[in-house]
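Here come two complexes built around subunit A, the first alongside subunit B, the second alongside subunit C.
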Partner chain A sequence: MSIGGIDRVLFAPAGVSVADAILQVCRDLWPKCIFQDSDGAIGHEIDDPWVWMHGTASDEFFVFTDRTAYEMWNEFGASQENSNSMLHFIVRPHPGPPYGLFEVTVVVDQWDESMRALDDGLQNAFQAIYHVRSAA
Partner chain B sequence: MNHFTDRKGYNAIAASPTWRFRASTPPGGHPFGAYFTNLAPDTVNLALKLRIPKDKLGYVFVFVDLGDLLPIAGGRGKFIFYLADDYLVIKERQIYHGESAQCPSAE
Partner chain C sequence: MTDFELQIQEVLDKNPYWSHVFWLRGGATETVQGIAAEIGAFQDEYFRRFGERPDPIALVKSDYKKGAVFFDPVTVDASLSFKVMIWRILIGCHILGVNFSYQRRGQSSLEITLRSFDGHLEPYHAEKWWDYHVLQHISIKAINNELFLGGFYPAVQAADSTIKSSAVEE
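Here is the complex of A and B:
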């Protein structure tokens, strides 16, 4: 059985909405991206209020770079044509040590410039959360 | 535990009474090994979670898990496992093999 994807693991502070931070980074990079819960059948546009009211409670979800990517992935699964147009996020408590962290797994297809931009955005967002928490 | 494949892979594995799942190197820097999942054929968004083409899910081998497989690193380790070598499943552990759409029960 083949599996696809590069699994990148990052860490975020606990006690805040990690999914919210992830989706803000995705929206900045892909303003027309689509959110889909990993157990859901419906893709929601990133500006749909449902995403920010309910989607951010998800601990596993997909983000498609646009509606075309959402349709291709849901019809065909992975292909060369849709490479790096779907990001798979899994958020879970890090068993530690260190404690007080979430483990964030990001699954992509290739490590290219867009994925490095995503990685930088996520790391900056998580560091910003940490500094806000530390200052509180 | 489950192993999904296409018709060609199915015919090769099912040809022997003892199933042999051959190790290989998947993309993405994952270790050399034989890979499996505890996700059932009817799992919602299965192809997206495994990140493979849907036509690689047409056939499935289902067997009793002995707990001897390793989870991959990161969050997908809750549903993707591997062994760094060919993996053999004797007849007594075999539950089902055939078209995924006909699989009678989840693993």
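Here is the complex of A and C:
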């Protein structure tokens, strides 16, 4: 499954669960969002403990903004109506320099207010984790 | 050593900084056995509260970076109640509120309230000074200028970051 939209690349610190940080932000923005691993066939409610025990190990996954969006995507695929209702995340080690970072690619349909909020939230979250690590 | 202790040793070997903290605390002779005992007590307490027995080693195997944080010194030396809270955060419970009060030479307090998946509120109170260190590892972020606290992120030394660390030194 791919939405083939706009790629945005962000950087996150290595040595922490980047997927966990991404999903925390998604949940703050869309409390009823759905997680699906890129290799999985099932969408899990964000409040399903499975997501936090197993899904956070994933380095490529989709987040649907709610159950309706998930069902629409599964039934009809990409359409004008479900624009930006599915986000595609890919987490890979950054070859560097600088070293010690991960690249987080976020694929969205179009750049709008909700995507700016996501972008802002992710950058803040990654920065916060970096500071948490530095303090430790 | 038991299998459980060997697995703990494996995590510590990958995270030398943590081992240093345990050494600073008084030598590593009993470290692995001590951590195993702490984890065992946590599992008993969690079972008493929620009727299930969490398995940090299984989490290490399924999601190393999340599971290994359970062996971070902040977690290992936290009170039983705070260990339970940390596990609940790791499995996705929301941080709903934090009340922290510090008074030099006076009374200090820390209460962290979680919301479970079924909507129940779970208040946790710091029981000893070390519990306050938990605040170091909770992520603080803003989305649309609204403050959110969530997640528990001690730095874990994993294979991927080890490679990059050595590259930095070149």
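The working rule: the second predicted complex is superposed on the first by the 133 of 136 C-alpha atoms of A that agree within 3 Å, B and C clash if a C-alpha of one lies under 4 Å from a C-alpha of the other, contacts with A are read in each partner's own complex, and residues count from 1 in each chain.
The definition used in the following text is that a contact is a pair of C-beta atoms (placed from the backbone, for glycine too) under 8 Å apart; a residue touches a chain by one contact, two chains touch by 3 or more.
Because the structure is predicted, anything quoted here is derived from the model rather than measured.
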item: Subunit A as common anchor, with subunit B and subunit C clashing or fitting; value: fit
item: Which of subunit B and subunit C A:Ala41 touches, first, second, both or neither; value: first
item: A:Met53 touches, of subunit B and subunit C: first, second, both or neither?; value: second
item: Touching partner for A:Asp7 - first (subunit B), second (subunit C), both, neither; value: first
item: Which of subunit B and subunit C A:Ser17 touches, first, second, both or neither; value: second
item: Which superposed partner A:Glu103 touches (first subunit B, second subunit C, both, neither); value: first
item: Vertex subunit A angle, Cα centres of subunit C and subunit B, expressed to the nearest 10 degrees; value: 140
item: After fitting on chain A: smallest Cα gap, subunit B-subunit C, Å; value: 17
item: Common interface positions of subunit A, toward subunit B and toward subunit C; value: none
item: Residues of subunit A defined as touching subunit C within the complex; value: 13-17, 20-21, 24-25, 27-29, 46-49, 51-54, 56-57, 93, 96, 99-101, 117, 120-121, 124-125, 127-129, 132-133, 135-136
item: Of subunit C, residues touching subunit A in the complex; value: 59, 62-66, 74, 90-92, 94, 117, 136-144, 148, 150-151, 153-158, 160-161, 164-165, 167-168
item: Subunit B-touching residues of subunit A, taken from the complex the two chains share; value: 1-9, 36, 38-41, 60, 62, 73-79, 86, 88, 90-92, 103-105, 107, 109
item: Residues of subunit B defined as touching subunit A within the complex; value: 3-5, 21, 24, 26-30, 34-37, 44-45, 47-57, 72-76, 80
